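There are two complexes below, and they share subunit A, which is joined by subunit B in the first and by subunit C in the second.
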Partner chain A sequence: MNQLMTEIIDGLGVMHLTPGNVAMWLIAFVLFYLAIKKGVEPLLLLPIGFGVFAANFPLTGLLEEGGLFYIFYHYGIENELIPPLIFLGLGAMTDFGPVIANPKTLLLGAAAQLGVYAAFFGALFTGLFNVKEAACIGIIGGADGPTSIFLSANLAPHMMGAVSVAAYSYMALVPIIIPPIAKALTTKQERAMPMGMMRMPSKTEKIVFPVLASIVIILLVPKSAPLIAMFMVGNLFMESAVVDRLTDVARNALMNIVTILLGLGVGSTMTADSFLNSKTIGVFIMGVVAFAFATAGGVLLAKLMNLFTKNKVNPLIGAAGVSAVPMAARVVHNMGTEANPQNYLLMHAMGPNVAGVIGTAVAAGAFITAIL
Partner chain B sequence: MVDWGNATSVALSGIISVFAVLAVLQIAVTVSGKVIEGMAKSQAEKQKS
Partner chain C sequence: MTQVNAPMVGKVLSVDVKVGDQVKKNDVLVTLEAMKMQIKVYAPADGEVAEVNCNAGDVVSTDTVVVALK
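For the complex of A and B:
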């Protein structure tokens, strides 16, 4: 009888609850608050938050081999399935028209990746991280959640929770992070610089772009193929306009399903042991560094380009190179309008904005090639 | 202990890759745009004549 009582009591989850579990619940509640009350990336932070919450109940078996969250994580994220599927949906929603109309904005997307490498070195200087971990922290500067998760799954799976939460949280803070840096690096005259009407690319150009981009990018950085190939096929679905059903599924139903699995899978990696340590604080600090340098890189290259080119660009659009589509472009547009009410920078800023997504995927592929 | 030589080569190869890829893509998009535009113009002229 005594033994039976001991077994019953021992089987109660509450008997195995640790202070670490409770601390992780509090973090989950913060994520719920940010997502529900503040509207911070709710599509991701809400499932991630619940993943954190559920993963920190004792004795559930959710994270053990064969457990539900283990299956989400192992087959969806560790095997690199879900981030490319998210890219498929993103491709089916992305208009590359601004990049095709003004191809030099691709270089602004490249310049914004300087933040990735600044944070990479910053993380190494702290002495807390090795090269693989520093690469995952650096990629936060790309402001691209799926790419951050993709790279973490490849290089440092134990960092995935902190890296992805930092990436999605800072993406939502783009309206706070970009303006002071962009203002500090530009004069009012530069911010007020108007940009002419953008030409409208033909349908043929839009159909050719995903094929051309796949050839160039995958031939030069083959390890970026999972992300780039899916991004471009999604875009080809949309631009060809002959597979509306596939386009619709890619950007709606499939995107929503994989977002749920991604959020829960990533959240489930955030157990007390893996999250409550000094490295997590380092990830969040370096994430801001990454965003700041990414913004600065884009703005400074735009100013440099203006010294050598005839068709000058408003340097503010360089700040939109920090992906975070389309929020970064909107922030840049608002700053331009503030400096000159006649300014309409939104479509011009979308060029570096989508180029930043490509640039971050290439940076992730380059890290995998160089490190693995 | 960080291997700074390795870290520098990782960063340099990454920066070069990102800029090289996007610069080549910029050239490819510019050239393909001109070719497609030229083809569209000559087709329009043919139809006129």
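For the complex of A and C:
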């Protein structure tokens, strides 16, 4: 009888609850608060938060082989299925028109990857992180959640929770991070520089672009193929306008389903053992460095381009190269309008903004090629 | 006559002037919604509103003259 009672009591989850579990619940509650009360990336932070919450109950078996969250994580994320499916949906929502109208903006998106490499080398320099971990921290500067998760799954799965939460949190802070850096690197005169009307690319150009971009990017960085191929096929669905059903599924139903699985899967990786350590603090600090350098890289390249080109660009649009589509472009537009109400930078900023997504996927592919 | 085109493709949220209004440079003429953002279209110069060619709910593009000033 005593043994039975002992077994029953021992089987109660509450008997195995650790301070670490409770600490992780508090982190989950912070994520709930940010998502529900502050509107910070709710589509991701809410499922991630609940993933953290549920994964830190003792004795559930959710994370053991065959457990529900294990299945989400192992088959969805570790096997690199979900991030490319998210890219499919993103492609089906992305208008490459601004990039096609002004291909120079591709360079600005590439320049913003300065943040990725600055944070990578910075993280290595601290001595806290190995090369694989440093690459995952660097990619936070690309401000692209699925790419951060994709790279973490490849190089440092134990860092995925911290890296993805840092990436999504800082993306929400783009309106706070970009303005001071972009202002410090530009004069009011530069910020007030109006840009003319953008030409409207033809339908043919928009159809050719995803095919051409796939050829160039995947031939140069083959390991970026899972993300780039799905991004471009989604875009081709949309621009061809002959598979509306597929476009609709890619950017609505499928996107929503995989977002739930992604959020819960990523959140479930954030157990007390893997999250409550000094490396997590390092990830968050270096994440800010990554964003700051990404902003600076785009702005400085835009200024450099203006020294050598006839059709000058407002250097603010370089700041949109940090991705975080379309929030970074909106921030840039507001800064431009503040300097000169006749300045409409939104669509011009979408060029580097979209190019930044491509640039980050390429940077992730380059890391995998170089490190694995 | 100064023609004011929509700066980008967007939906007209509100027309903030009417024919005959006197406006100063940088006064708001029309408010658009593009990329889930409110974009205010400002007067490029002082003048009188001669034409208003759009209504709330219209979708306009860069070749749409939304307002003309004289």
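Convention: the second predicted complex is superposed on the first by the 372 of 372 C-alpha atoms of A that agree within 3 Å, B and C clash if a C-alpha of one lies under 4 Å from a C-alpha of the other, contacts with A are read in each partner's own complex, and residues count from 1 in each chain.
Criterion: a residue touches a chain if its C-beta (ideal position, glycine included) is under 8 Å from a C-beta of that chain, and two chains touch if they have at least 3 such contacts.
None of the values given here were measured: they were computed from a predicted structure.
A.B. asks: Is A:Leu114 contacted by the first partner subunit B, the second partner subunit C, both or neither?
C.D. replies: After superposition on chain A, A:Leu114 lies in contact with subunit B alone.
A.B. asks: Check whether A:Met200 is in contact with subunit B, with subunit C, with both or with neither, and answer first, second, both or neither.
C.D. replies: Second partner only.
A.B. asks: Scan A:Leu346 for contacts with subunit B and subunit C and give back first, second, both or neither.
C.D. replies: A:Leu346 contacts subunit C only, not subunit B.
A.B. asks: Would you check which partner chain A:Ala329 touches, where first means subunit B only, second means subunit C only, and both and neither mean what they say?
C.D. replies: In the superposition, A:Ala329 contacts subunit C only.
A.B. asks: For A:Ile358, select first, second, both or neither according to whether it touches subunit B, subunit C, the two together, or no partner.
C.D. replies: A:Ile358 sits against subunit B, while subunit C stays out of touch.
A.B. asks: Check the contacts made with subunit A and report whether subunit B or subunit C touches more of its residues.
C.D. replies: Comparing touch counts on subunit A for subunit B and subunit C gives B.
A.B. asks: Could you list, by residue number, the parts of subunit A that touch subunit C in their complex?
C.D. replies: Touching subunit C from subunit A are residues 197-198, 200, 326, 329-330, 333, 337, 341-342, 344, 346-347, 350.
A.B. asks: Note which residues of subunit A are touching subunit B in the complex, please.
C.D. replies: 99-100, 103-104, 106-107, 109-110, 113-114, 116-117, 120-121, 124, 127, 130-131, 134-135, 201-202, 204-205, 208-209, 212-213, 215-217, 220-221, 355, 358-359, 362-363, 365-367, 369-371
A.B. asks: Where on subunit C does subunit A make contact in their complex?
C.D. replies: Within the complex, subunit C touches subunit A at residues 5, 7-8, 26, 34-37, 39-40, 42, 44, 61-62.
A.B. asks: Looking at the complex, which residues from subunit B come into contact with subunit A?
C.D. replies: The touching residues are 2-4, 6-7, 9-11, 13-15, 17-30, 32-33, 36-37, 40.
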